[in-house]
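For reference, the structures are reproduced in the following blocks.
Presented sequentially are two complexes of subunit A, the first with subunit B as partner and the second with subunit C.
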Partner chain A sequence: MIKISWKDRLFTGTITVLLILMAFVALIPLISEISISFSSKAASDRNIVNLWPVEFTLESWKYMLTKGNIWRAFGLTVLSTLIGTFLALLITSLMAYPLSKKNFPAAKYVMLYVVFTMIFKAPMVPYFLTLKGIGLYNNFWVLVFPHILTAYNLIIMRSFFKQFPDEVEEAAQIDGCGKFRMLFQIVLPSSKAVLATLGLFYAVPMWNQYQHPMMFIQDVKLYPLQMKIRQIINGGGDLQAIAAVRHVNYTEATLSAAAVVIAIVPILIVYPWLQKFFAKGAMLGSVKG
Partner chain B sequence: MAKETAMEKRRKGNFLRHMERHWPYYVMMAPGVIYLALFKYIPMLGSVIAFQDFSIVRGVFGSAWTGLANFRKLFQYDDFYKILRNTLILGGLKLVIVFPIPVILSLMLNEIRNQKLKKGIQTVICVPYFLSWVIVGGLVFDIFGAGGLFNNIRNALGMDTVLVMQKESWFRPIYVISSIWKEAGYGTIVYLAAISGIDPGIYESASIDGARRSQQMRLITLPLLVPTVLTIFLLNIGSFLELGFEQVYNLYTPMTYSVADIFDTYVYRSGIQQGQYSFSTAVGLFQSVVGLILVVTFNKLSQKYSDDGGLW
Partner chain C sequence: MKKKAITALLLAVMLTGTLAGCGNNSQEQKQEETGQTQEEGAQAEAGTESEDGKGTGDVVDIEMWTTNTGYLPVEKDSVTYNFYKDLLGVGITQPYVEWNGGQTYYEQLNLRIAAGEMPDVVQLVNGIETDLILEGAVMDLTDLLPEYAPHLWETVPEETWNVMRSYDPTGEGRIYMTPCMNDYTRHAGMIRQDWLDAVNMEMPTTQEEFVEVLRAFKTQDPNGNGQADEIPTGGRAEARWMDHLFAMYGIAMWEGYPQWDLYDGELTYSAVTPNMRDALQFISDLYAEGLLDVETLMNDKAAWDGKVNSDQVGVFFQWAEQSYMYAANIKNAVGVEADWSVLPAISAEGYEAFITKKPTVGRQFVVKKTDDMEKVKACLKALDAYGDPDLQDTLYMGPEGMHCTRDESGNLIKLPEDKTIQEVQIIKPIDCMSNLESTIHTLELTSTPEDAWAIDKAIVNAQEAQNYGKRIAGDGIPSSIYDNYDDIENRILYVECASKIISGEWPIEKFDEFVEKWYATGGTEVTAAAREWYQSTQK
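Up next, the complex of A and B:
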């Protein structure tokens, strides 16, 4: 065992303290928002809430969860994310599998076709007009379709498939296994980790998406969660009028804080999985071939 | 004549044999190929409206062609230089200030011996990455708003309340701070993985030679991390113009448009909200073409530096 010098101890100790401080600072925005959402009208009006709720109350949360009209938006986001992730994994694995085959001559050209979409982005206006032209304006499916295939995720899946042992597939082929069965019954069942990772790579942006619904959805009934939250933050949804009523224990500020925290909670619940698989994915992304 | 038919026959035979063997592959790729055509390539081709005086009623085929008129207008337009300048400044700030933070954080995290503590800190600093810009924008507006934490602290220190979000001079700091808060933690993952790939033998022999931990960090970890840092840096320059519509859109206010407006937000307001289709497409096309040149150039460079570098 090598003796640790006091200089090393000081160095490590300083860094540890600094990092703990930074981690705390990183949490401050969340702590502050949570505190506001649990504070009373009087405390919020006097701007005295910092890092701890003042005159703790559940009123803002109660209002948001029962009358805030967020459940519809929440449901639409859950639904579109589930459908979208399923479709994305299906279409991505279907396309990545042939592209991973060395003996498939067309793969080269199709890869070029895929990669070009990564380097040249269609300008926003013709993109908008095209999607509007195929009927995606004010349509639930605009939350799903634009996000179900990205070149980046396709390339990750392709390089994963490339590492699949040829012998297994050859043996199956000799037994008369067709290409579709090969993909769905042999390759995909042993690709669960990559499917989970890419599933989350697709799901998180879909859950968090704001630009597409903002461009395409006018109908308030079709607002997904992020649109609804933004509307609440911006003082839409008549919060000011609602909070102006006497004898209530919330303000516009506490209500919008509650809405923001409510939108964060689902992310925190699945966070352990997000962290695990995104760390895996960051590694997968660097293994290209 | 007879020779030719024989060759044709053979070619046909080859084609049939190819299809017999590979048809399932074509079927598998079909949905993806059609998808990309519809959602990527048709909109790309739709860029031709930048050379037209496009009207929705007449459509792409009925609208009058105007050649380069929209581009001439663009280069004479003050607003164009404003958004170009904003894009360059915000992109530059991202490269110079935001980019090094995860590298520094990773070097620091690597020094923590207690694995549980290290994991705990990583867990905390990665959370913001998964929150949407709508939520981050909401948090920023609350913290920096009139009655928010930031102004409470200022007041406690005897300073005046500042309307941060409405002040032009504050937009860039807010942009940088929010980028760091949201992305720096997640950025450490790839660097920490690179560090964990360093041969522990190097550290052992260094400490036998009496190298202190600070020297090991500076003389071993950092230099061995440079190729990874360089690869990611080059890729970041390649995507220089993609500053993130959602970030700016959720942080700016009409009072800060003059310093905050970037290509994407400008095109959104002028093209989609105000319906100046052709002109906005010209702006967007300019951005896409410059973006293409940047991505291709810097991707090439990053491939030069490492075998598995580059986007493709």
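Up next, the complex of A and C:
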């Protein structure tokens, strides 16, 4: 048995304390937002809310959850993220697998083609016109299709497949295993780490997408969550006009705070489940190029 | 063995298919919802549904883009669509386009124009009109306005139409756009009269008295809550919304944007005048003494309004007509009936104070070029509504049941905003075709017994603000004078200089460097262009 010296203990202890402190610091903004979302209009106006709600009220939450038609947008975003991530992983593995094979001579050229799209992005207007031309304007699928294959993720998966032991595949081949079966029953089941990692890499931007649907979705009924939230809390900025006085107990700040929580909590919940794969997977792609 | 692989693939395909089915569901749901709107529309006016895009009978549909700060879009056969159809005989629709300070609107508009789907009537932003006119994408309205928009043509004075002519980039003096006009002094320094009473002081009339009042506000606890939380005065980031302080030095300033006015008889950018130097020195002194909100240079609208609304601010700069909103909010927050009154324009020694008045706010709408005269007529009919005095009240009130309701005696009363159920009011003359009379009238329409105390005071304030306004020489100056000099248009140097001098980071001597640099980096050219434009309006 290895003896742990007091120096090591001190070191581990200090690191632990530091990390706990840093974790707390990272939590402060979220706690503060939660507090504001439960505070009254007057408290928020006076800017006196810190880490605990002042003049506790549920008004902002009531407004956000009942009046904003937010659930439809929430559903659309959940659906598009689920479908999108599934399709993304399917398509990415279908493409990455052959590209990882040494006996596929065209792989080099296809990779060049892939890397090209990483460096040269399509300009906005032609991109808009192309997607519009294939019917993806004001269409639910614009939340999915444009995001199901990204060059960066493809390269990670390809690198992962490259280090998959040839012997295993050879053995399977000798037993009469075909190419697709090899991928779906041999390779992918042993690639959970990379699947979880890339799943997260695909899912988070899909969940958060805002700029992209802003270009392509004008129909309010097809708004994904982030756009819907933005619409609800969208103040006019400097714009003002004579309007009837509103006697309500929320402000733009409290509504924004509630919106922030709604927008990030679901994805926060997913993280711990994937974490055990994630920590492993994020490193995996980088081991062999 | 292969069978299994094929089964797996088939499963994947089926799953995709099922999910696609879900997508179709959302489409169906969408149709259902549209159906509901149609029903509501039908209730508003029975039997006006139509299948084609042209509307029923003579009604022509147009798509009109205006500012929408989060209200629902106006779809065909919706409540608001039918409201305009009945009132104007034009079917008006508007998709939801996020405004976002004009930025997102601008991008979306560009995309739509690039896709060859320019809306029929477009509210202008960011100088987009120059290209549109040069490319022949918008109608020349010169001959059409008198015939098809007679009310608008009559309401807008000849001099304003001439300003519109001066915006023609081809130099031929044709009218391509309709103006936005607010023909009255809208802004004022606002002071808490009840705080003045609390500290036993009179309304200040000289700069010394004004500073004394600020000191009293800071030290004598006028809000009476026992805390030294009073902010005598302040403003917002980029030295904005504190024009009442700049005004003391005769500076033409519009909500923090320096303007063009005559200094020494020549049209000059107010930020580079000696007046500005002295004003910054004064404001910097206030800041150093703690009489200006310490967060002035960081406040955004929400933060600054929040301070005003929580009974902490003594003097601020706003639209005089908006004072009721702040008073009502203060009452809501702390139960005090705040008495916001107009602060006179106070002259610093050697200067003549005024509040900037710019009746010609700028250009407002263009109409898409088309050969379909019926479409053009419909567009102009919609624009004509801006100039028709008989329609103003109805347009302001909006559809009954959505934006207004009837009280017991049958009078229409305005409902508070609720963006989750209200569709956007597309045609709002109060926004860009207003004067003192119409503003007061609108305030009266908005009044409820509950808020009357605050609104009555706002009416008094709006009237009193007129005493201090001066129409500046640079009223209506086109943004094209800044072509190729974006940094000057965006006030990059000015904001840095003003912020750093106010906060004390820079000594006042740095101001002279700023002026030199401003002229050297394009200020000379911009000034020449501005003066040329001014000469052309003097003919």
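A few comments on the model shown:
Here, the second predicted complex is superposed on the first by the 216 of 289 C-alpha atoms of A that agree within 3 Å, B and C clash if a C-alpha of one lies under 4 Å from a C-alpha of the other, contacts with A are read in each partner's own complex, and residues count from 1 in each chain.
The definition used in the following text is that a residue touches a chain if its C-beta (ideal position, glycine included) is under 8 Å from a C-beta of that chain, and two chains touch if they have at least 3 such contacts.
Keep in mind it's a predicted model, so treat the numbers as computed, not measured.
Of the two partner chains placed by the overlay, only subunit B lies in contact with A:Ser5; subunit C stays clear of it.
By the touch criterion defined above, A:Pro146 lies against subunit B but remains apart from subunit C after alignment on the C-alpha atoms of chain A. Applying the stated contact rule after C-alpha superposition, one finds that A:Thr16 touches subunit B and leaves subunit C untouched. Judged by the touch definition given at the top, the superposed model places A:Ile269 against neither subunit B nor subunit C.
In the superposed model, A:Val245 lies in contact with subunit C only, and not with subunit B. Using the contact criterion defined above for the overlaid structures, shared-chain residue A:Ile229 touches subunit B, although it does not reach subunit C. Once the two complexes are overlaid on the shared chain, A:Leu58 sits clear of subunit B and of subunit C alike. Judged by the number of subunit A residues each one touches, B leads among subunit B and subunit C. Legend: residue contacts after superposition of the two complexes on their common chain; A:Glu33 is shown touching subunit B, with no touch to subunit C.
Of the two partner chains, neither subunit B nor subunit C is touched by A:Ala171.
Applying the stated touch rule to the two superposed structures, the overlap between the subunit B and subunit C interfaces on subunit A comprises residues 44, 47, 124-125, 128-129, 178, 180, 214-215, 230, 233, 253.
Contacts from subunit C toward subunit A in the complex involve residues 1-2, 4-5, 8-9, 12, 15-16, 19, 22-23, 26-27, 29-30, 33, 67, 69-70, 72-73, 95-101, 104, 107-108, 110-111, 114-115, 255, 301-303, 305-307, 309-310, 312, 319, 321-322, 324-325, 328-329, 332-334, 413-421, 428, 430-431, 439, 442-443, 446, 448, 450-451, 454.
Put simply, subunit A touches subunit B in their complex at residues 2, 5, 7-8, 11-12, 15-16, 18-20, 22-23, 26-30, 32-33, 36, 44, 47-48, 50-51, 91-92, 94-95, 97-99, 101, 104-106, 110-111, 113-115, 117-131, 134, 145-146, 148-149, 152, 154-155, 178-180, 183, 204, 207-211, 214-215, 226, 229-230, 233, 253, 256-257, 260, 263-264, 267-268, 271, 274-275, 278-279, 282-283, 286-289. If you check the complex, the residues on subunit A that touch subunit C are 41-42, 44-47, 67-69, 76, 79, 83, 86-87, 90, 124-125, 128-129, 132, 140-141, 176-178, 180-181, 184-185, 214-215, 218-222, 230-248, 251-253. Listing the residues of subunit B that touch subunit A in their complex gives 18, 22, 24-26, 28-29, 31-33, 35-36, 38-47, 49-50, 56, 105, 108-109, 111-114, 117, 120-121, 123-135, 137-143, 146-149, 151-152, 181, 185-186, 189-190, 193, 207-208, 212-214, 245-246, 249-250, 264, 267-268, 271-272, 277, 280-281, 283-285, 287-288, 291-292, 295-296, 299, 308, 310-312.
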